[in-house]
Structure formats: structure tokens, C-alpha cells
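Order of writing sets the chain letters: A, B and C. Residues in each chain are counted from 1.
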Amino acid sequence: MSRVELKLPQLRPLGATQRTDAWWIQPVLTLLGLGAFIVYSTWAALQGTHYWVPGTNYLSPMYSPVLFDSWQIAPASSGHAWFGAWPDWIPKNLWVLSMTPAFLILWAPGGFRFTCYYYRGAYYKAFWADPVSCAVGEPKFRGTHYRGEHKFPLLLQNIHRYFLYLALVFLVFLTYDAIISYRFLGDDGQKHFGVGIGSLVLTINPILLGGYTLGCHSLRHLIGGKKDCITDCSGARQGAYRGVSCLNRRHMLFAWLSLFWVGFTDVYVRLVSMGTWTDIRIL
Amino acid sequence: MPQATFRIWTGAGDDAVFKDFATDVSEGMVVLDAIHQIQAESAPTLACRWNCKAGKCGSCSAEVNGKPRLMCMTRLDTLDLSVPVTVEPMKSFPHVRDLVTDVSWNFRVKKSIKPFKPRKPDAPDGTWRMQQADVDRVQEFRKCIECFLCQDVCHVLRDHHKHPEFAGPRHFVYTAALEMHPLDTEDRLSHMKNEGGIGYCNITKCCTKVCPEHITITDNAIIPLKERVVDEYYDPLTRLFKVFTGK
Amino acid sequence: MSDYQTHEHDVLVIGAGGAGLRAAIEAASVKGLSVGLVCKSLLGKAHTVMAEGGMAAAMAHVDDRDNWMVHFADTMRGGQYLNNPVMAELHAKEAPDRVRELEAWGALFDRTRDGRILQRNFGGHRYPRLAHVGDRTGLEMIRTLQDHGIHQGIEVYMEHTVTTLLKDGDRVVGAFGYDRERGRFRVFKAKAVVLATGGIGRAFKITSNSWEYTGDGHALAYDAGADLIDMEFVQFHPTGMVWPPSVRGILVTEGVRGEGGRLVNKDGKRFMFDDVPDLYKNQVAKDAEEGWRYVTGDKNANRPPELLTRDHVARCINREVKAGRGSPHGGVYLDIAWIKEKLPNAQEHIKKKLPSMYHQFKELAGVDITTTPMEVGPTTHYVMGGVRVDGVTQMSTVPGLFAAGECAGGLHGANRLGGNSLSDLLVFGKRAGEHAAKWAQAQKPSNINAAQVELAAKQALAPFERSGENPYQVQLTLQDMMQDKVGIVRTENDMAAALDGLAALKKRAAAVSIDGNREYNPGWHTCLDLPNLLCVSEAVARCALDRRESRGGHFREDYPDKSKDFAGHNTVIRKAPDGSMKLLREPIVPLTDEQKKVIDANK
């Protein structure tokens, strides 16, 4: 770039702007929305209990897949664990935090969202004030020392596509969870087809997550965006590219819907499991 | 006839100040009309760039009530005229006088980006064949009228003054148009990563919001470019794949 | 001589629109040649960006019956045979190559199904001929030239204005001007100068042209002793916006009519069917149905009357308005929304084909063109007349001075066809650059006349030393008068009055003053534009007064028909030794036998 010295206008301090509209609403909403989710999901992940509903196949998406059942519920079993009970070689506590099955897996979808192109822009604004809103001044200390994603540590955001691969796998698990949620334990001790409100809640979850995950910018690139001539590709791939692009245009919408729904699904499973709410069987 | 007050940034250098001008408002007027009226009535030397007055040339960029806008496309009936309307020059470029800034930096940056280099012609008569579906994507970028409002609002330039190491949204769109051009064979990714500093972009999408041509700058140009840079520099699997397949 | 910053080039191009950029690129392609490009605005903002419809080139991608001969015949017919046939032939022959060249430089035109450049219908063109990009073809063109040009070693002087051409004897050897940002004077020394400054639209009140269009090139050439030709022919584009007042004159592309838009008066009558000129009788649709088939690509159908030449359509609109059948704001209705009767996805189709029109009406007038008709009326758009040039080399009657694009005259005759402008810029921009380079290579060094420079500097600074009128008032009066008296409908009395008015305005302009300093001072710039505007206005008025007939863009209410007496000459304007404006009638450039045959075959 040009090295010519530019005599630029002075930097303006945080919040300085001539904007007359309520520019602060959006970052505040983002801060509240994301903040609430982070607080709730951390709390829920620390519980290690009530992540499934006995007698049904309802399983909280925050705990799925369950690698080992939580040590808090031993010797009981959720029936969802892949490798049985909590093994001795994994510590039960990390400093003052209790370890739960959620911690073993939540980093993957969490990382996917943390490195997501939409969320990045949103939390840089709401949490970092970098910038707090368009054409509004930033904290002065950052000034020309800004590093952005050009240098470590935020350079690591470029790992996003690897989290995408994991998120796609998780999408399969959660779809499986949705399908089996239509099987209920009958009086005869056998599992039978049925539909509960919880089944619907668990079904909407992977649909919204699919809308979010399949609209990922990295996926859009990998599936066709990297080609200059998409028409050279097979019809299926062209269709996939168009489909992903279509979801990508609504990426923000699906990001919020799916985030809310994951939280809500956990709340639903948790409260039904605790007996606070009763799951209504439709069929 | 109703009147409105315009609080305009006037003067040059350290002496520049906001000055109030009142003028009549008529139906359908835009901010640029008001500026012209003020020039003709009370401030003949008031400096402002403009050309087409139809949102096609991108000359009359300024900040109206703090928002980067084309003055010719900002109708007064969309503004609250009960209080003064502030009109300021762009903030990411050196100020010259009144509403005029020195935008020559942009032209120097553009020159540093490698030009279009087409593949060999497809047909014996020296012409090429392209499908509309492939052209569509690049045509969106070529709508750009170079008003530099995206450069103005981008905090990397505006608040961090990264001009020496950051090309800015306009030039990412320009590079994307070249990189995704069905005929182009040049490689500008290393330039984008290093001299262009695309990593400084933290995707806050302000550029997309202010674009008067409604180009989806961030999602369609910058992020796809970032992904191409990832392919080339940050993704070991893609690198390996390329080594093995020779693609 | 005072110590003004001096820049030396082999070829100096003044104006950086389509023609100027193309000329500069061509000249710079000659090894070792230094090229300077002066533009009044920032690079890439020139008026070319406003061109919407497309560029005409007989590539026959959509209709294989098209070829240069048909294009040549169309251009001549459109120009009412006052065109310079040498230019019209070169233009028709070379335009396809110039378009393909743009593609090789990165332009992305809309495509046909088989992947070639798509072409669309336009007024006066027999076959679909306009290569286009939606309705922003001019932007595509200037950006392509700009992005290619910046890598050709051209020295660009942005925001510089030339006020005087410098001469050594008969020859033009440079230019004198100032940079707008700081107001410092500059001397450009050059062996050849190419004028590509565009038109004169700012002499009129209602215009689609930007502030730059003050006839600089015309006036510079005239003052340097060059001939101007055909200045009576000003094109009033039939469709400009009329409401709200602040957008009055902004162009509504002919592409709207090319896509099927129809013109109706306040009674809902499609009035264009009522009056079809004889020259076009056998090329116009019999009814609305046939017209629709034509715009949707039926090769056997004839065009709807809305796609007749611009001069004719503009006059028909004017007639409707004068007869009291216009819209509330003094225009007529242009309706594209009606095509929903014909197309299931009409709304999407309109947005896709006419995106910037949709945008323009939505944002500036609050009108959704996919559901509501637009109000439109004629607007000053283009001047067919300009610097008289040699058809092959584009050199004016002054050695070393070339002209291309709108500021050159000859190609379009009495009326320009839509789409022929962009191709004109490229074809003759290239030729001007090429021949200016050749000329420059053959020249010996020249001298700059210090006295001329001093005089120019003194004149430029005079407005600061006077205390007189605000220049904007003079400009506004001039625009009102030209619109009123030398506009779309002209009469002897009006124009005689206009000439008197111009004489008075000249006196006022000589006394205008401005405060402030030289840095980016728009008032000062306006002071310096005034003499140019007055010069071209006088040329237009004098030529229009002399041509006692109606032809093409020139319509005389007192002589409403074409006259044989005026079919054989062009009107030429020259500066007399005493400084007054002299008018001559010069015979038109004759057609060759070959050209006659081509025209007869395409009648």
C-alpha cells in the first residue's frame, strides 16, 4: 500500500458520533442476547443432571452426544452414553468447576459459533466495542495498535472451517436424537412410536441448526464459492451452492433462532426431567 | 415555504468549524440540493464534490447526521428537520476544505492491485464464452461507483488509520471482482493477505450497510476472499489435497 | 513567465470519460510516448457513467441479419443524412472490435444463452444491437477503461481544469489550467492535444448532464481557431424525470422502452401510434401486439413507435403536454408495469433488467416502477454538434488539436441514435489517440508563448479582483433563457431575443466576482465556466437561427418541415479575426457510390 504520510482527522473517543439514531440498541441487544445464552449454557453445562428424560428418548442438545454419563448421576444411567459411566481417568472437578459430559463436547459447537463470521462481527461490536457501532468512535487506547484478525490471537479465527466439519457431524447426531425422540417406553417395557411436545421441540432443533450450519460462509466457499465458474460443476453441486447461498443470506436469522432453540430445548428437557413441566403426549 | 437548518463543516485545517445555514425546503429535495441552494444564496465558496446528482457517479459522499451517505440520494423528507441537519466530510481521508476530502489514497491503492489478465480466448475469433450465471456474481461487484463510503465507515481506516497496511472494503470488492472473474488467471491472494491486510477486517459489516449500490460487500466479496486466503495459507488439509491432486 | 508548474507530454488528453480514456490508452500504447490525461473531476466520475442503455455494435449475436452496413444505414437515416459518412462507416465497421476489446480488458456484459455478448433493442436500430450490462453500461465501460488505463503509464491529473489552449503559430502546443483543489496554475506542454470534454448540457435548465458539461472543449477549440459544426443539433432525450422538482431532467433510460415500456397521456391513450414519420413507415409495428412481439425478440415483428428516434419521440411528448394531455407535473406517463399482463414474473423481470431505474424512482420519487407508471418529459441530453474533425484522424482544423466523443461533431448528423454514443467514444477515442500519437512523433519541439500564459492567468484571477455579481445568478439566467428560447421548440423571434440576451449576459459575466481564496472554490470555478457556456450557447443559437427548417434534433415551429434547401450543408461556426462569431454553410461530405448502394439496400 501507499506509504505516503496521510494527514488524517483526529481519532474520536468512544461513543463520539453525529449519528442521531439509536445506534446503541443493536449492540446492547446483542450483548444481552449472547450474554444471556452464555450465562445459561455455562450454568446448564455445570449441572451434570437432568439432561435426559427417563421413559423417553429426550436428550438435551447441550449434552449430545453423551460420551460418558455424568459422575453426578452415578450409578444411574441415561441410556444415551456411548462409553458407559464416567471413567476414573477424567477428573471430576477442574479447579472449582465440576466436569460434566457437556464439557467434553460443547467446545465443538461453541467453537463453531465463536469462529462464525456472523457472530464474530456481532461480538466484536457488542463485547469489544471494535467498533461499538458503525461510524461511532472507539476506545482511544486501541487506536493505531489495532491488530484485528490480521495477527495472533484472532488470526486463529481462520480455523472456522474445521469447526464446520465438526458441526456437520453434530448435526447428524442431533438429527438422530430428533428421530429417536418419537419412541417412548410403553407399559409393556417396549419402545413404541409416539409424539410428545418434546419430540417436536427436539425436531425443530436440528432444522434450525441445519439452517444455520448449512448456511455457513465456509461451507458456501467449499461447496462452490471457490470456483470462478460454478456452471462447470455438476448440477447437484450447482444446486447445493445455490441452496447454501440462499441460507447464507439468512445466516444471522438462523444463528439467533438456532441459538435460542438449543437453549430452549435444554430448558424443556431439564424442566420435564425435573418434573416441573409435564410433557404432553399428542400421540 | 418551510425552512431547515444545515450544520455544515466548513473551513480547512484546524480552523474548520460547524456553521449553520438556513434554507428553504421544497418537495422531493435532497441534501445536495440544499447545499447547492446555500451556495447560490449565501456561501458561494462552499466546497463540495458532485457530478451526476443521480446516485451513479459516487462523488457527493459525505456524512449526514453522522451517517455516511450520498448527498444526492438523501431525501430531506427522511430526516428530522426540526433540529439542524449535520453535514460533514468523510472521516477516513485527509480533509481539504468544507465537505471535500483528499481521496487520492484510494487511487494509489487500486493501482497496486494486479490488473485483469484473461485466459486464452475460447473461440478462434478471439472471443470468450461465459455463462450469465457465472457473470452474475462479478456483476454485483462491478456495480460499485467508487463513492468510498465503505472506506469512510470502515473502522480499520476511520478509527485505526491502517491506511499503509489495509486496502479497505472498496478494494476487496475490486479484488473479488477480478479474482472471481470467469476469465481471469492472475493470483492476488498473497497481495490480499499481506499488503492488502484483509485480516484486519473484522466483519462488522458497516461497509455493507452504507453501500449506496447495495452490494453485499462483506458476505459476497470479503468473506469469500478471506476463505480463499485460508485455502492458500491457513488450511493444511487443502494444501495437502492440492499437493496430491495437483489442482 | 511566472514560475508555474509545467508538465511536459507528447500527447495531452483533456477529459477522462470514455473517449478521453480510450484515446489516452491508445496513445500510451506507443512505446516511449508520454501521455497526460487531465480530468475535471476524479478519475472515473465523468459523464460516461450516466450512460445506461448500451453500446451499439453490429456483432449479430442476437439477430444474425445484422452487419455494419445495416448499422451504417441506420446511423445515416437517424442523422437525417447530415452525418459525415466517413465517420459513420468507420464507426459501424469498428464498433464490434472495440466492444470485444473491452471484454478482453475485463468488462462483463450480459450474456446470450450460448455465452456470447447479449444485445438489446434500441430506438432507431433495426436489429438488437446494444451490448449492455443491465442499465449501467456506461459505468461498466468507464470502469473497464479506467482500471486498464491506470496500468498503461498514463499520467493522470485529477480535478484539473484547462482554461486555454496554448499555440505556437498555427499549432496547438499545450494547455493552461489550474488544479481545483489548491487553485494553482499549471502549464501543460504537449505536441498534440486531444479534446474529449463531452457536451454542453449545462447551458440548459432541464438537463440530464452534470456540472462538468459546460462546453469546455467546444469553447477551447473555438478560441484556438477551430471550426465547430452542426451546433444547432442538440438532442433532447424524450424521457427525463419531471417530478419532484429537484430531480427534474435526470435521465430515464431508453432501455425502459426497449423492454416494452409504453408512453401514454393522461387519458390513457398510447399516443405514439398517431404520428409515424414517413422515413420509418415500413419499420413500425401496426399495433400494440406486434410491438410487444418485437421487444420480446420476434424477428418478423416491427418495432413499437416508442422506439422511434429520440428527436421524434421528444416532440410527440412535447405536443401531448402542450395540448393539455400531459401528466400533472408537465410530462407524460411511461409505463413498464403493464407488462405484467404479458409476463408472469414481470416485477422480477423489471428489477433484473432495469435495476438502476427501479432504484432511482424508488429513492428519488417514491415511485415503484413495477406497479406505477413513471412521469417523464424531454431533457437536454446530448449535443450532436462539436469540433469539426477529419473523419479518419479526428484532427480539427487546427494542427495538433484533435477531438473525440461528444465534443467532436460529424458522426451523428442531425440526431444521434441511442447507443451510438458509447461506441462513438471507443471508436473515435481510439482513432484520436492513435493519430495524435502519430502526429506527436512527427513534431519538432515547440515554444510556449509566455505572454499567452500570463494573459490566461490574469483572466483567470480577474473575478477575485472585481466586485460584482454572484456567478451562479448569471448561470441560472442563462440556463433559463436557453431552455425557454433555444430549447426543444424554436422560433425566429425567440432566438433573436436569445442572441440579444446572450450579449447582455456576456457583459454581466465579464463583471462577475467571487470572494474567498483559490482552494477548492466552486464559485470561482463557476466564474471560469461562464465564458464557455456563453460561447456554446451563442453557437447553438446562431446555427439554429440560420437553419430555417426542422430536422432531427432541431425543430422550428415557424418552419416545421424538412427543406431541400437545407439538406445539402452543415452549419459551421468559426471565430472571425475581429473576435466575433462567424457562421458558414459548408456542403456536406458526399456519400461514395458504395455507401449510396448500402443505404438504398437498407431503406
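Keep this in mind: contacts are C-beta pairs under 8 Å (C-beta built on N, C-alpha and C of every residue); 3 or more make two chains touch, one makes a residue touch a chain.
Quick caveat: nothing in here was measured; it's all calculated off a predicted structure.
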Could you name the chain whose CA centroid falls nearest to the centroid of all protein CA atoms? B
Which chain's mean C-alpha position is the greatest distance from subunit C's? A
Taking each chain's centre as its mean C-alpha position, how far apart are subunit B and subunit C in Å? 28
Report the inter-chain centroid distance for subunit A and subunit C in whole angstrom, where each centroid is the mean of the CA atoms. 58
Distance-wise, how many Å sit between the C-alpha centres of subunit A and subunit B, to the nearest whole number? 33
Using the touch rule from the top of the page, what residues of subunit A touch 2 or more other chains? none
Shared-contact residues (touching 2 or more other chains) in subunit B: 130-131, 181, 184
Would you tell me which residues of subunit B are touching subunit A in their complex? 63, 65-68, 80, 83, 86, 88, 91-95, 105, 108-109, 112, 130-131, 133-134, 153, 155-156, 158-167, 179-182, 184, 195-206, 209-210, 218-219, 223-224, 226-231, 234-235
Contacts from subunit B onto subunit C in the complex sit at residues 12, 26-30, 33, 39-40, 44-59, 73, 75, 96-98, 100, 102-104, 107, 110-111, 115-116, 118, 126-132, 135, 138-139, 142-146, 174, 178, 181, 183-184
Which stretch or stretches of subunit C touch subunit B in the complex? 41-47, 49-50, 100, 103-106, 108, 110-111, 114-116, 133-134, 136, 139-140, 143, 147-148, 150-151, 156, 158, 181, 210-212, 243-247, 250-251, 356, 359-360, 363-365, 470-473, 476, 514-516, 519-524, 526
Of all residues in subunit A, those that touch subunit B in their complex: 1-4, 6-9, 11-12, 17-21, 117, 120-121, 124-125, 130-131, 134-135, 137-138, 142-144, 146-151, 154-155, 158-161, 217-218, 220-222, 225-226, 228-231, 238, 248-249, 251
